[in-house]
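Here's a structure for you.
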Amino acid sequence: MSMNTFGHLFRVTTWGESHGPALGATVDGCPPGVTVGEAMLQHWLDRRKPGQNKYTTQRREPDSVRILSGVFEGQTTGTPVQLMIENTDQRSKDYGDIIEKFRPGHADITYWQKYGIRDYRGGGRSSARETAARVAAGGLARAALARLAPGINITGYMVQMGPRAIDRTRFDLAAVGQNPFWSPDPVTAEHWATDLDALRKSGDSIGAVIEISASGVPVGLGAPVYRKLDTDLASAMMSINAVKAVEIGDGMAAALLRGSDNADEIAMGPDGPVYSSNHAGGILGGISTGQDVVVRFAVKPTSSILTSRKTITKAGEETEIVTKGRHDPCVGIRAVPVGEAMMACVLLDHFLLHRGQVGENRGQIGGSR
Amino acid sequence: MSMNTFGHLFRVTTWGESHGPALGATVDGCPPGVTVGEAMLQHWLDRRKPGQNKYTTQRREPDSVRILSGVFEGQTTGTPVQLMIENTDQRSKDYGDIIEKFRPGHADITYWQKYGIRDYRGGGRSSARETAARVAAGGLARAALARLAPGINITGYMVQMGPRAIDRTRFDLAAVGQNPFWSPDPVTAEHWATDLDALRKSGDSIGAVIEISASGVPVGLGAPVYRKLDTDLASAMMSINAVKAVEIGDGMAAALLRGSDNADEIAMGPDGPVYSSNHAGGILGGISTGQDVVVRFAVKPTSSILTSRKTITKAGEETEIVTKGRHDPCVGIRAVPVGEAMMACVLLDHFLLHRGQVGENRGQIGGSR
Amino acid sequence: MSMNTFGHLFRVTTWGESHGPALGATVDGCPPGVTVGEAMLQHWLDRRKPGQNKYTTQRREPDSVRILSGVFEGQTTGTPVQLMIENTDQRSKDYGDIIEKFRPGHADITYWQKYGIRDYRGGGRSSARETAARVAAGGLARAALARLAPGINITGYMVQMGPRAIDRTRFDLAAVGQNPFWSPDPVTAEHWATDLDALRKSGDSIGAVIEISASGVPVGLGAPVYRKLDTDLASAMMSINAVKAVEIGDGMAAALLRGSDNADEIAMGPDGPVYSSNHAGGILGGISTGQDVVVRFAVKPTSSILTSRKTITKAGEETEIVTKGRHDPCVGIRAVPVGEAMMACVLLDHFLLHRGQVGENRGQIGGSR
Amino acid sequence: MSMNTFGHLFRVTTWGESHGPALGATVDGCPPGVTVGEAMLQHWLDRRKPGQNKYTTQRREPDSVRILSGVFEGQTTGTPVQLMIENTDQRSKDYGDIIEKFRPGHADITYWQKYGIRDYRGGGRSSARETAARVAAGGLARAALARLAPGINITGYMVQMGPRAIDRTRFDLAAVGQNPFWSPDPVTAEHWATDLDALRKSGDSIGAVIEISASGVPVGLGAPVYRKLDTDLASAMMSINAVKAVEIGDGMAAALLRGSDNADEIAMGPDGPVYSSNHAGGILGGISTGQDVVVRFAVKPTSSILTSRKTITKAGEETEIVTKGRHDPCVGIRAVPVGEAMMACVLLDHFLLHRGQVGENRGQIGGSR
């Protein structure tokens, strides 16, 4: 019943509308003693920030995050952390068209039908601006993980844009930060640049697939049967604007496989079990195996396009709409830091849950416990 | 926190292990005045029951559900409904191999590492037998929906088995109950029969894709930003054993599309908005549009196969394992009624949430409100 | 929105009606590796069992608890523990009067008005029989505490019956089990016996005050600002049938005090802080101090009495009612083991929450950390 | 889980420290279409504001509330409402003593022991300043109730200060706003003024009892067995700083009564059941009866007093402390608006829960349903 909250012990409630005075995240349950400051959070927000390059929206929002509570002398105190981002680029522009017309593919119509009122300015609550608050909270989660589970490394990247996917033989995590698409394959990144230039000229948009991978995840996070790690990851990623599908490990492709192909065989390494493959995406029975946790999600193309689309007005009249304004032709690009933030929050939450419920892993393999 | 619970106002907690005395579902929050009896629930359980035909496991479990509380004189009273299924087919068989060895692709190893103890008999808590409890709870949810939102119709069916998908041009909901695969395409069902015969002979297994479609869903179910209808559907489906991916509407294919293709255009019909297509799967901004709500999920191939796989023992020694026993070559088949049950639970839960939070839809289109 | 659930990480959902087939508790979140068996739980149930002596109801219910899940080879596995008590004393008696008439002081009228249906047999869901399920769950909580926080000792006792209170100068915990009233003051126990004999003869009933004290509670349980230890204790005790007030430490008497009297001064002992008094009841700012946690609650007199009372029927006609049957003249007596069970559940829950959120206490006094 | 949240469908998370940049309440689940503005909330905050008269702390904090989200064109939109109060009176004063010494009766020592860090400035998170956020949220709850359940009227007042209680024969709700103590008995108010003058001179403080009464509460709010209306009221009131006891209806005095005295007899009035008395405080079986809902709570004397008390330092050394500063000699006075706010939040929450779970009351008395 927390409409706008996710997490169980590390609970994030985001609030705020695109063109209201501010938006932010109320984070309850952050462990005490975590070193964090505004600059650390700003680092992650800057990765998501619009106006970074010509492939994302040209709005210029400083997106400066302020910590209003829960941090004292540079450390979390165990009390709620309020992260606020003021909206500075609220141009008093003419919202004329979208006040009366519903944009196809947007939440305009369902918000209106359900609530009978909506802040239409820039999409209001349904704007992707909400994800800035998630990225701030994710920064805090990363800081907590750095103290509690220091081996975890979370990286997001784009693996497909429209019909063009990366070539996994060229996969290089080091390349991710070197191109505007967070692509681990530099060659594909160049093709995407060409594709997107053409798209933008035509006023159209395109979908994408993002992959988030976490290495160094301890064994034992997650719990049967509904608070599985994969359940919460699915929920977290699906809650991001424009996401239409979530995959764990092989995902949809698992349907194509035979059992003899799909099994990740187990051997014994010096530090414990070693798996021959990772079809499972690092999760068995809802619990992390210690392998990389791998999640992918599909982002639909931006619904705000320059092509005229048929729609209706609040009065029920049929009409057409063209969504002008500064929009990302591929919102998938900016979804990468958001997916990373959600992964950080889910892993921290399950780390705390596991510590609370079980204390520490109890079954040893090949040891004496 | 609720490790084994799903739902917010209609809350289902399943309990029980595959070979313990019983398993069941504790359902809290069912509205009062719902007409329900054991026979009504049994109807749905019988659809899921093993041993129905040669394509599912040959265990014969009557799976008889008993209502222990919350129903008085044929109606729910608003108090918790306890649904219990006793385990009758607990043969005191030799579990030898799986006591010490971890089956690849199973929860054996992670349960052991996390908890240091596991009921290994038949998979214990991680057995797909747990889904019988969900189906019973889903039956109760259907009964409640029949009273509260009588237009809703939920149907699940298999759309792909291994590499072979149905042909949508032959799609016929009436065919679903006429073949052992819940296939809406009778021709493909025959091919699947041939495929599965061959698979079973080879002792192998295969993955599948299930689609659950709900028509007649009222506008307005779901809520921004984390309690979206799609978020909860993703969570519900991903929590089913062996599921590796969840799609809403176009799902992963949305990544391939351009914005101009993806938009579901809106016209005005006699009873309200009419959409030109349903790429969105009946959900915009997390809220139902009134179109069919369409969810798909991929089920990995059964990990219990007759092919020998490499693994390790609790003592850390490398070895091999062959999983004998009576297993489904395609667990996807029996996942169909489970997916339907989860859909029923999620829709009822969101119906109650919407009624609590909003009362009734507040925005009229083309009307006078 | 768990109507019938309490706890956060150790979650207890009770289910069942007084005269249905069974009742019980679904316990989710019990840590793994806790040694427990039916006999251990039965021990606590037997303390609460009716028919123990002439001062409690003469119904004879064996109240045998069965563990249906979550325990394997004598240990909890971390999966849900289902505790079931079958109702054996369901005499097919004539419920005539209470079917149509509402008993004053009972839930009859509000259940009817809210739900439009109620299982009137023996009070149905609102019967104090529901507390048997709590006592079973409390037994499990005690077993878990014995492993995780072995120093904790929980004792409940009656400190007042009607206008007659115990004399604290005669307070002796050893006396508690030696009289039918759980009185720590044997002299008062004898007076209560006389009082109750007279009351029973007159067909009347009487209220009582119960105190539950827990020693050995670790410092640090509880959390600001709403998940305070005292908040959850208040909630837990107030949820017991017939309870009308809850006090922590000095309770209502704190209103009478001056700040200079109320302060528990602090000195330094060999093992940490030592307090000069315990006005606070072992809790400061919602967090346990390490002193005894002391809670009291007032139980109203049984509403089922032989004196005729005015009431109305479902049809709205004015009438009178006499509640015959086998009722406790002082339900407070049987509330003692229930209060203990709630204390055990709350302490375990907060132990797990603290371990999850904080790990271990982080601030040392007089040490080097 | 939600350490700093209360409520189920109307969820309030407060955040902020006494001397941080700001504090506030994140309110999730407020129904849409509620007319509200900053001035409406300010009205309630001004009632609680310090510096109102010589009997409350002389700090002058404007406590101006800002609405940062969830309200559009004067109405709630159904999205989270962020209420922020900036801290303006953060004098950079010398906190010397309380940095190293623990104040007896305060949360200083337990926060330190649990978290190893605390914002000691003005009590940080444990300061009663946190209740300003509750009052703001309560103002929003009142606005929502005004639309959804317009007959509800909530009034709080002080019924006892130290050993001096009001005389109920002089009870007059109209008097409540006419004296600085929210006393419904003007004569007692004058005695309290004299008492408090003497106390303040001596640097001491005193406890109090507050009663909150709500008339016009619809029948049917609350639910068995743990989400009882009284359970949530107990939890809400106990969570207020310095509260040590909560009573419903007769409260502790119920222990003194016989069943024949305690029963609230029922007659039939023109609009439904009429009760001869209200020992139950308007709640039977956890569900509202339609009578006044009556709650009382005891507030301990302010622990910050001028009398020197024994304590220890973080280093474990024994010492003494005098708490200077601007403190209320009777914090109970300012707890009155806080208790009202909690009542408003609980009633709204249960109104929404009831509407979600049941829809509307289903059992008619004397009617045809």
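Residue numbering begins at 1 within each chain, and the chains themselves are lettered A, B, C and D in the order written.
As a convention for this text, a residue touches a chain if its C-beta (ideal position, glycine included) is under 8 Å from a C-beta of that chain, and two chains touch if they have at least 3 such contacts.
None of the values given here were measured: they were computed from a predicted structure.
Engineer: What chain lies farthest away from chain A once each centre is taken as the mean of the Cα atoms?
Structural biologist: Looking at centroid distances, C is the chain farthest away.
Engineer: With respect to inter-chain C-beta contacts, which pair, B-C or A-C, contains the greater number?
Structural biologist: Answer by contact count: B-C.
Engineer: Where the centres are mean C-alpha positions, what is the separation of chain B from chain C, in Å?
Structural biologist: The answer is 38 Å.
Engineer: Quick one: chain A and chain B, Cα centre-to-centre, how many Å?
Structural biologist: Measuring from centre to centre gives 26 Å for this pair.
Engineer: Distance-wise, how many Å sit between the C-alpha centres of chain A and chain C, to the nearest whole number?
Structural biologist: Using C-alpha averages as centres, the distance is 45 Å.
Engineer: Name the residues of chain A that each touch 2 or more other chains.
Structural biologist: 1-5, 8-9, 14, 29, 32-33, 78-79, 114-117, 125, 223-224, 353, 357-358, 362
Engineer: Given the complex with chain B, which residues does chain C contribute to the contact?
Structural biologist: Touching chain B from chain C are residues 1-5, 8-9, 11, 13-17, 20-24, 26, 28-29, 32-33, 66, 68-70, 72-73, 75-82, 84, 114-119, 124-125.
Engineer: Contact residues on chain B for chain A in the complex?
Structural biologist: 1-6, 8-9, 14, 102, 104-117, 125-126, 130, 160-163, 199, 204-209, 219-220, 222-228, 230-235, 237-239, 244-268, 273, 276, 279-281, 284-289, 298-305, 307, 309-312, 314-318, 332, 353-354, 357-358, 361-367, 369
Engineer: Across the complex, what residues on chain D touch chain B?
Structural biologist: That would be residues 1, 9, 29, 31-33, 78-79, 148, 223-224, 352-353, 355-359, 362 of chain D.
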